[in-house]
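Some structures to go through are shown next.
After this come two complexes, each holding subunit A, first together with subunit B and then together with subunit C.
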Partner chain A sequence: MRSTRAGVATAIMVLPATVLYAVMLVVPVGLALYLSLTDWDGFSASPSLVGAANYADLLVDPDLRRSAIVTLLVAAVGTAGLNLLGLGFALLVNGASRANSFFRMVLFYPHVLSALVVGFLWSAILGTTGAVNSFITTRGGEVLPFLSDPTWATITMIAVLVWAGFGVNVVLYLAGLQAVPAALVEAAEIDGATRWQVFRNVTLPALGPSVTVNIVLSLVTLLKTYDLVVSLTAGGPAGQTQTVAYLILWNSFHDARLGFGSAQSVVLMIVTAALAFVVTRLRRRGEMAVHQ
Partner chain B sequence: MTLVLTACGGGGFADEAATQADEGGVTEVRVLVNITPNLTQTYWDGLVKTFEDANPGIDVKIEAPTGKGVADTLQQQLAAGNPPDVVETLMVDKTMAPQMLDLTGQPWVKGTPLVEEGSLGGKVYTVGVGEQAQSLVFYNKAAFEKAGISKPPTTYDELSEAMAKLKDSGYLPLRTAGDFVTGLQLLQLSGPARAVSHPQWHQDIGAGRLKAGESMLPHLERYKTWIDKGYVDKNALGVKYADGETGFFSGKSAMYVMGSWFTASVAKAEPDFEVGVFPAPVEKGQSYPGPQGATMAAPYMVLKGTAHKDAALKLVQWLVTDKAAVTSQLQQDGNFRSGYERKFTPLEAEVQKILDEAPSRVAQGEGYGENTLPRGFNSAWNTEVQGLYVGKSPREVATAVDRWVDGRS
Partner chain C sequence: MNRYARLVFLSVSALFMLVPLYVLVVNAFKPQQDILANPFGLPVEGLTLDFLAQALDNPQFNIFRGYAVTLLFVVAVNVLSVVLAGPASFVIARSPRRRYRLLMLAFLAGTFIPSQVLVIPVVYVLKTLGLMGTIQGFVLFETVLTLPFSIFLYAGYISTIPSTLDQAAAMDGAGRLRTFWQIVFPLMRPVVATMIILNTFSVWNDFVNPQIILGPGSGLYTVTTGVYAAVSQYSTDYTVVFPTLLLAIAPLLIFFVFMQRHIISGLTAGATKG
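And then the complex of A and B:
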């Protein structure tokens, strides 16, 4: 009797969260799956079922192939950049002092700005007629094609993404550094370990869980890159910086192919989840090996 | 997430809201409009106030896009079951037609600009305030004078020759930009000649009798030579639309291809040189000026599902036929309409003359009405044309365009 009452109470307490989860996640994902099997254009009242036709189209879509490569590049290089800078700066500003508090705020500041604003800002700085090129050309130099050459534009986009996002990684790594046992560091130093040896053999292994969280969060965020593309490059030059998320929105609304866009969304969702799962498993295996 | 949430609708909030509004004795007509630097929310509110004053039973609610643009917002509102009564800026196509009210029977639609060209299946869904000329080349008169060009070019060969002279005189011959501008300018520049070479271009492509990219290959090849010779800035793709305009106003470039709305920018910028305008050149042997690319300015459509059909129709009729309302909209956005006098700048007067002298009006690019290519053509074209700047050959660009069209047909 008592256990039944406890079960009912648990169910009642879990219910609001379950409903919220269903409404905010399960229903939209279910709808996306359904729409991906239709030819809905966003205007008509009733979409027609087309089976797996949208998924078949995905396989032969050259735009998707190109944007998938760009997205994976952005995710891989961006994740590396975010984590290297995040960890590096976290080590630099670790410890309680006024200067460190100030620099933590400065490092986190770009993340507070909207990605759209960041994109327009850097476009004004790095565009062909932007501040940097104006400075160069007024001194007789050649224009640097930050946003007009496909390779340069991709590098610029990744650099701006890293600049705008690594503040979060700094904060997460700082939190991780608080958990590194001071006694271990002290013991290593007494044993004559250099700073690099302390970092390599004590700090970094202890930061294992933080590294995993940072990598997964960075990866998932970068795989969904959209707004910065809109404001910085608009997908150009020649579509060379279009990401999958950008393409999904473009196909869905601009080209009125919501069914096709939904199929792309479903695939992106699966790929993101799979990559996050694989990275987490690999990291966990690595962490366990360290602790053994 | 947004994509999916838009699909959550399908309900009928519009009817409910309408009933509530009607119970209060005032009918609310919701109008989804495009907000631009010229057409601000304040301007729209002021425009319809006159109508509201003359029609005390109707309250017009101007709504700005909540999405990336009017089309996205309309899609989201339709999906949410909460569409506006009237939508501005969009022109009907086969996708939208089932959602729009057939205006063919309304006597006042006759005589509105481009009404026949914009019709679909013989039915009128879209009515506009005026028209925008598309195939115009604005030029720096001082640059032409310095380069020894006595009259604007009328053929592409003359245009290329003029570009060479302008380059030798120290000017960037043609100002271009990234964003959507690259592809748009080539469509605008090639429009008149293409309309002569392929009078049924849109229909022929739709019926599979003609390849879009293949038919534009000569224009792509010519454009590529301009890039190679430095007649356009090889780094133009790193220039935003607004910066392209600013670049022209700096006086270092000689020509800028754009639609008639650019006259408003010229008036605002007041450059320290005189700006002239001429219709886009044509191929050697073709009659000049060629057909002028034209689009409907401030097009309006009434949603079929509106609960306030009479009030919505009354408003749209007023917007496209009332002398003061039309003149105000034309003035505000630098558009044109025969028979509606407004204060012209000298440059605007030149554009009106070009429109008056054009042998016909033609749709360009994605087009409208019966002359429509698959939705998204202009963007796909733009992306591929930009490829010319990053190493693609004209043939590769043409093939990619054709592949895109085939994939959407």
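And then the complex of A and C:
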């Protein structure tokens, strides 16, 4: 009797979360696979199976090729930027002081804002009639094409992503720096090591796990860049800044090709997981080489 | 780098970080021709509250309604998330059984799935359940997105609470549910606070899910989807853009300034979930 009651109580505690999770997260992952094999338009109740046609379309879709290249570029350059600035500033604001906690707050605050707002704000600053260009043109200068030239727009987008995001990396690296053994740093300094040598040979190896975490997180986050594209460039000029996530939602909801969009989602999910896995493995191998 | 060079460099960097915020604030109080003529100047001559008032009274997007709707979602998701994830984490953390370890793994796997990938099939599920375009559907989906990381954090935290506490409660005749809510849950305050901060920001700032699940047809605007509706077509009318954006970010920024230490650690914990 008692064990039945305990069993009921346990079920009441575990089942609601489990069932909801299954219905809205586990089933959808399976459905994404199924829908990617159909021609679902988002409205019809019974989409028909089209086999691997959506995946075949992926290979020849020129928009997707362009957006895959842009997305990888954003992910690679953005990851480098986030981590160089993140680690650099972490070293500069390390240690407890009022000034340091102020700087940390200032570096971090863009992360509190939604990416949508960040994009609208920067487009009002860097657009053709935006703050910077009005400032230049009222003084007789030429308009700078921050958002209107394809190459400039890509660079601008990466720069804004880094501006908005590196504060998180600063905080993560700061946490990592607390784990660097102070005795080791002191010993190296007593032995006459220069600051760079201390950083290169003591601090950086001890930061190994932090570096891995930061790189993987940056990559995974940047590979799904979407909101900022909507507000900063709306994918333009000429579709140049459409990321894969942007294209997925555009194909799905603007062009009503949810089957095709699902196929892209499935590929994005696999690529993201694979890249995260590869980077983790590579970093681990690198760390082992350092410790040998 | 010596101390002064470091301070100078950091101050210049801080300035660069703050310039966009400065531009946003000063231009929210200027008419269009002043913004174009002198975008970086303080609004001394043409200082006006008209455009802020217009943004407050925008027929396309009522910002107060936007705050209220978003706040409702934030509260609903936070409450549901704690009520669902808390007890489940307790059972998972306290049971040595294999099935609960598997369940934990299943929840953990969910932290790696980006919600953009889910939104298409979730539309299908919600349509099937008749919840597409409804508040319930949106709140349920947002709640589910919080479950994996909540359960991961909560279960980890509960395992640091001595189980002798539960045993004592059980001896006194408390059932499992009561033991959790009356004995264990009050001890989980720090970790629950972290999750609430995290969920508050992720629901408040979410754009894709409300835009697609609620849709423009529902007439329900969160702060982000409302900003999109109000700003995207008028992106060069800066008397709309700056005041609307200022109103959209003001509550969160104020919250951030007062609670920065908790928010920074909470959001950073959240960032590590990927």
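Going forward, the second predicted complex is superposed on the first by the 267 of 292 C-alpha atoms of A that agree within 3 Å, B and C clash if a C-alpha of one lies under 4 Å from a C-alpha of the other, contacts with A are read in each partner's own complex, and residues count from 1 in each chain.
Methods note: contacts are C-beta pairs under 8 Å (C-beta built on N, C-alpha and C of every residue); 3 or more make two chains touch, one makes a residue touch a chain.
Since this is a predicted model, take the numbers as computed values, not measurements.
Once the two complexes are overlaid through subunit A, subunit B and subunit C clash, as defined at the top of the document. Residue contacts after overlaying the shared chain place A:29 against subunit B and subunit C alike. Of the two partner chains, subunit B is the only one that A:148 touches; subunit C does not reach it.
Residue contacts after overlaying the shared chain place A:77 against neither subunit B nor subunit C. The larger set of touched subunit A residues comes from C, when the choice is between subunit B and subunit C. Residue contacts after overlaying the shared chain place A:20 against subunit C, while subunit B stays out of touching range. Of the two partner chains placed by superposition, only subunit B is touched by A:237; subunit C is not. Residue contacts after overlaying the shared chain place A:62 against subunit B, while subunit C stays out of touching range. In the superposed model, A:213 makes contact with subunit C only, not with subunit B. Judged by the touch definition given at the top, the superposed model places A:92 against subunit C, while subunit B stays out of reach.
Legend: residue contacts after superposition of the two complexes on their common chain; A:258 is shown touching both subunit B and subunit C. Listed for subunit C are the stretches 40-48, 94-102 or 112-120, of which 112-120 clashes with subunit B, judged after superposition on chain A.
Comparing the two interfaces of subunit A, the one with subunit B and the one with subunit C have residues 27-29, 31-32, 35, 40, 42, 123, 127, 129-130, 234, 248-249, 252-253, 258, 261-262, 265 in common. The touching residues of subunit C, when paired with subunit A in their complex, are 6-7, 9-10, 13-14, 17-18, 20-21, 23-24, 27, 35-40, 84-85, 87-88, 90-92, 100, 103, 106-107, 110, 112-114, 116-125, 140-141, 143-145, 147-148, 151, 175-177, 180, 201, 204-208, 212, 223-224, 227-228, 231-232, 235-236, 238, 241-242, 245, 248-249, 252-253, 256-257, 260-261, 263-265, 267-268, 271-272, 274.
Of all residues in subunit A, only 27-29, 31-32, 35, 40-45, 57, 61-62, 123, 126-130, 143, 145-150, 153, 234-240, 248-250, 252-256, 258, 261-262, 265 touch subunit B in the complex they form. Considering their complex, residues 1, 3-8, 10, 67-68, 71-72, 74-76, 78-79, 95-96, 98-99, 178-180, 233-240, 243, 246-247, 375-376, 379, 383-384, 386-387, 389-390, 392, 400, 403, 407 of subunit B touch subunit A.
Across the interface of their complex, subunit C is touched by residues 5-6, 9-10, 12-14, 16-18, 20-21, 23-32, 35, 40, 42, 89, 92-93, 99, 101-117, 120-125, 127, 129-132, 134-135, 138, 163, 168, 171-172, 175, 213, 216-217, 220-221, 224, 226-227, 230-231, 234, 245, 248-249, 252-253, 258, 261-262, 265-266, 268-269, 272-273, 276 of subunit A.
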